[in-house]
């Protein structure tokens, strides 16, 4: 049990000052009309101009080395920025995966050339990446993928398809997990590699998959004899599975698994305060307490991650509890205010409710379904 | 169920299966009025069912009508069928013959003023959240005429329509009459509270029944998906968690169907206030549970626009707010219990199953 | 789907009158102090004197033929009696299994001699039965049982053990499911039979298993070379599995899967009415609505049962939803009243809360866990 | 955590593992006072921890003390340790040296009257729901003396005790002083509201921490059972539903531990009202969820008296009612939010993590 216990994180004075700085900037931008708050903005808030603004502030790739354009700030300072962005519902979808996943992937496994070429552009908020993992027939069983790269003179020829790749219709590059060896039924994780694909390459077709709202966030991406130069292998050939899985812990326990519906909760509490409705506010505060406990857990995982500890199980727990919480916010809020939820409404709470209810099914599916996560947790605990 | 009833249900099912496809629903959500389907419904008498044939309706009883609405929910019928039926029923209460055009209603407190000006009427006011406002030809409303509560069926052609829509992409418009002059066949002096209450109950029952149909379909889709989809090398339904989910969906669906059927039967018998409250409350709760789990069963494929599931779940999410959410009906029931102080809870629950209160 | 739809049952005028009659009797008895209401009274309310009183009223075995002492009333009239008993929390544990399970078992499969010997005694409320199904190592896997009867001159010799047999320490007889043939790993349901065991026979040892409250409801029963005469075989040799499973549908959808915590709900609503607390009463009414929907389902299944329809799936659904509801009553009630739940309290709601909370874990385990039931439902639906 | 802290925790764990067995807990629930175990705790300084050694306590900080209470919860320690500690702490606030005997307290509004009669005191009144009343030597209470709110530590030997118990079989007695004459070392003029509030917070934190320990143990038992028990021919934990349950128990347990640890840390730092409210509220919720699921994992075996699980779950059910249920603390938080009208929710949540309110 004790290996699951998480540390309590205390922010330093400098970090507190920094949080104020970030918040002031965002509030000013919002007041200026630079963006409109929305729920689930890290999936649906695509705004390259705003991403560039954040780049100018030094708030993309902020933990990365200065030689690549980063500012070498701590993971906790990045955490603060992410939290403040999501809490206010700012549009961060454009650069999201580049900042969260691809940059760290390059830093860990990339060649010097890759780092020099891509990291400075990411940091400026001008170069966007998507991640190609799932395939049309893989479902939750990622090890079953069959997109395949064949070695040729100077590189690979890529064939196959990916699906559910967030943002591929708007990104510049795609990191593709594919097979560079034949499938081995005894070790299905073997012989995979990660290749970097320029989405504008010949042979790449991006077909948006409409979300249930009709919005376009996800895509199918088809590869038909796409030529990938040697220089676009990321990390070690054959090590793709391990590299991809290592990324996952980072994406599982971040604030985006807790705060996707925060703008709704903020507005709900504001309305109940305005109405001095203690009784309903009491119910809303139960949600707030859950949020507080999740933040403490997420921060504890972040602290351990920075210390290099293995947090696989804890991160999976945060994602399971956090995404259920995100949905609960919508389901409970609708009973605490009378409204006609509508994405087109002029009334803030009605818009936030609509966004939250409609996006909720995605919360507990994306990045590994909650059922899969709970399986990971249980197996880890029983083995431990 | 009578043979007649089965006939009506079978033929309606056939019509909807043929004409009310997933693609049609998509098209209507994009803003296209499905004229053909509407005409088929009118011609088959579905839009005037349970209006006595003596005054030009199709006849049949409310049981027939509500079971057709359940089918409407099952097929996500993108037409103001419930609105047209209820309007026709309210008109029939006033002895009026039914209309065969798309109708809607808004029996809420509003600030609508109707003024008689020579031979015509001048109407002024705004009505919010009008379902299908942009596609309806007429709206039945309560307004003030000579400081009297008055019900009137207003033509919508000269009204300004501000378009909006609910989570299901169904029109939920604002209708503005800005000093609109119009002819009216009739106006009705009414007991406002009584008619508002009746409309609320009719609307709640219609929605509860439509939601039950949508739940039925969400269950069907979930079973079908779990049978067809393979994961980790075997059919999805072999996973124990998927089995638990399907059983939960089935339980909520059967609970909703049962309590809705009870309310329909009570409605036909004429004493139905508590039954409708129970039905809408329970179905609302089931809607949230089933929508969540059905999506979890369907995984990523279920959140795509291409898959049919969202046509059901978006309606379930939306309709639970219509004609009273869970709190509204629970409060109605609480007040009823409070007003029957000497009755025990068990007596309240079995009130129609005992001879007289035992004291 | 439509095969799951249940009929709406309407009570006849006679049945309404009968309900009043039952209710009046019970209220008078309660006022006289004959019994004290409690939650889960069909497990924990053992009172032979009260059972005999019910026998005198003709309310035990009431659907059975007159020749065996029954009154040939309808299953719906029995349903009314059961409901009224549970709603008021009357002590019915003593004769419960005899009335619900063993009597119908005799009627369906028993010999004429068995019927004549046992049914009239059961009807009088004087002869109690327990059911021996589970075994120490079987868990939810009933087909794995290994209690064994060996054929000898004129009967069988029984060896083995049963567990979780409700009431065996207070009953007269036990119906034991045992193997009368060797276990066939390919057909684990084959070769079982049901034997009737007089609990006072030599070789039978009953050892109460204390419930978590310290109360004794369940037992382990050990058989050491217990001689069973041929006349005590119930039904057909080798047909025991099918006979036992046929009983289960009857026990799954009855009022006892819905009303175990009803006395608590009744008292909760009474208190909230007294306090004119509309807001909390509103929350209680959500429970009441759930109860009403469950009753309608349970009655629908009862109607189909009477018509001889297959209701296996629906009955399993009622039990799953009903037992979850029974527990919810306690979990929600505790937040609607301030109290210190205690079985020893002088305050009714505190006693009912304590009884309900402490007994709740049993609701969703007894008679097949809810997880097993949901599996049955899903498999039935997918196959259908 | 300091080395000293680890030492204290390790040695307490060892004591409890050795002495506080499942069988001992059973015995105490039957009404037997575990004198030996009590003496061991006193001798090891556990009953006076976080009382400064300058006034005769063991020293150490509140972090040590609350982590020991977590162990108490984990082992279902059947002794008034929390009650004795809190009483000693409240006495220490008045500059008093700690006592080494079983103590309890009831800092609630009550009707207790204390009258000075010559050299002695006359005490009159009834105190309900006194934890461990029958086994405690003294009780710290608030009473009225000369119409002043007065705190006093009353010997219990002459009090009448009406025994009752909570769901966990822990004494929860009514203490009646019927014109009892006694000697008192001291009485204290106090600010009643302030001391009631502080006691409520101390009690809530103690119970939240004890419950976290009980949750930890319930998780351990569930994992162990799922590993050892076979069903349908394979270990229980191979069943997907069991895996889902274990993950859920783990999630709630970690959430409870984390939020309790935060409250402990805040308490040590001196600003802790919201943190304690959050902790008790969240742990209460988790207690209900975990108790339900842990029993479902354990099946029939878990509801027997023989199995240890119920020693944890009965305490979890019981303790969630002590020192504020979910509604109590949610209301406290709601009032705090209402009283800070200009603060956004996000500012409220991050209040200790920002430099000053951003406006």
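Read from first to last, the chains carry the letters A, B, C and D; within each, the first residue is number 1.
Definition applied: a residue touches a chain if its C-beta (ideal position, glycine included) is under 8 Å from a C-beta of that chain, and two chains touch if they have at least 3 such contacts.
Small disclaimer: the values here were computed from a predicted structure and weren't measured.
Centre to centre, by mean C-alpha position, how many angstrom separate subunit C and subunit D?
39
Specify, in ascending order, the residues of subunit D that touch 2 or more different other chains.
240-241, 244, 326-327 - these are the residues of subunit D that touch more than one other chain.
Subunit C: which residues touch two or more other chains?
Residues 371.
Thinking of each chain as a vertex joined to the chains it touches, would you call that graph a line, ring, star, complete, or other?
Shape of the chain contacts: other, as it matches none of the listed patterns.
Strictly by the criterion at the top, what is the full list of touching chain pairs?
A-B, A-D, B-C, B-D, C-D
Which residues of subunit D touch subunit A in the complex?
Interface residues on the subunit D side: 216, 219-220, 223, 226-227, 237, 240, 242-244, 246-248, 250-251, 253-259, 261-262, 265, 277-278, 281-282, 285, 326-327, 329-331, 333-335, 337-338, 341, 344-346, 348-350, 352-356, 358.
Give the list of subunit C residues in touch with subunit B in this complex.
Residues in contact with subunit B: 1, 4-6, 8, 10-11, 13, 15-17, 19-20, 23-24, 27, 87-88, 262, 265-266, 269-270, 273, 276, 278, 281-286, 288-297, 300, 313-314, 316-317, 320-321, 371, 373-375, 377-379, 381-382.
Can you check the complex and tell me which residues of subunit D touch subunit C?
Counting only subunit D, the residues touching subunit C are 29, 129, 164-167, 169, 172, 229-233, 241, 288, 291-292, 295-296, 299-300, 302-306, 309-310, 313-314, 317-318, 321, 325-327.
Which residues of subunit D touch subunit B in the complex?
So the residues of subunit D in touch with subunit B come to 239-241, 244.
Note which residues of subunit C are touching subunit D in the complex, please.
Going by the criterion above, the answer is residues 134, 137, 139-141, 144, 163-164, 209-214, 218, 327, 331, 334-335, 338-345, 354, 357-358, 360-362, 364-366, 369-371.
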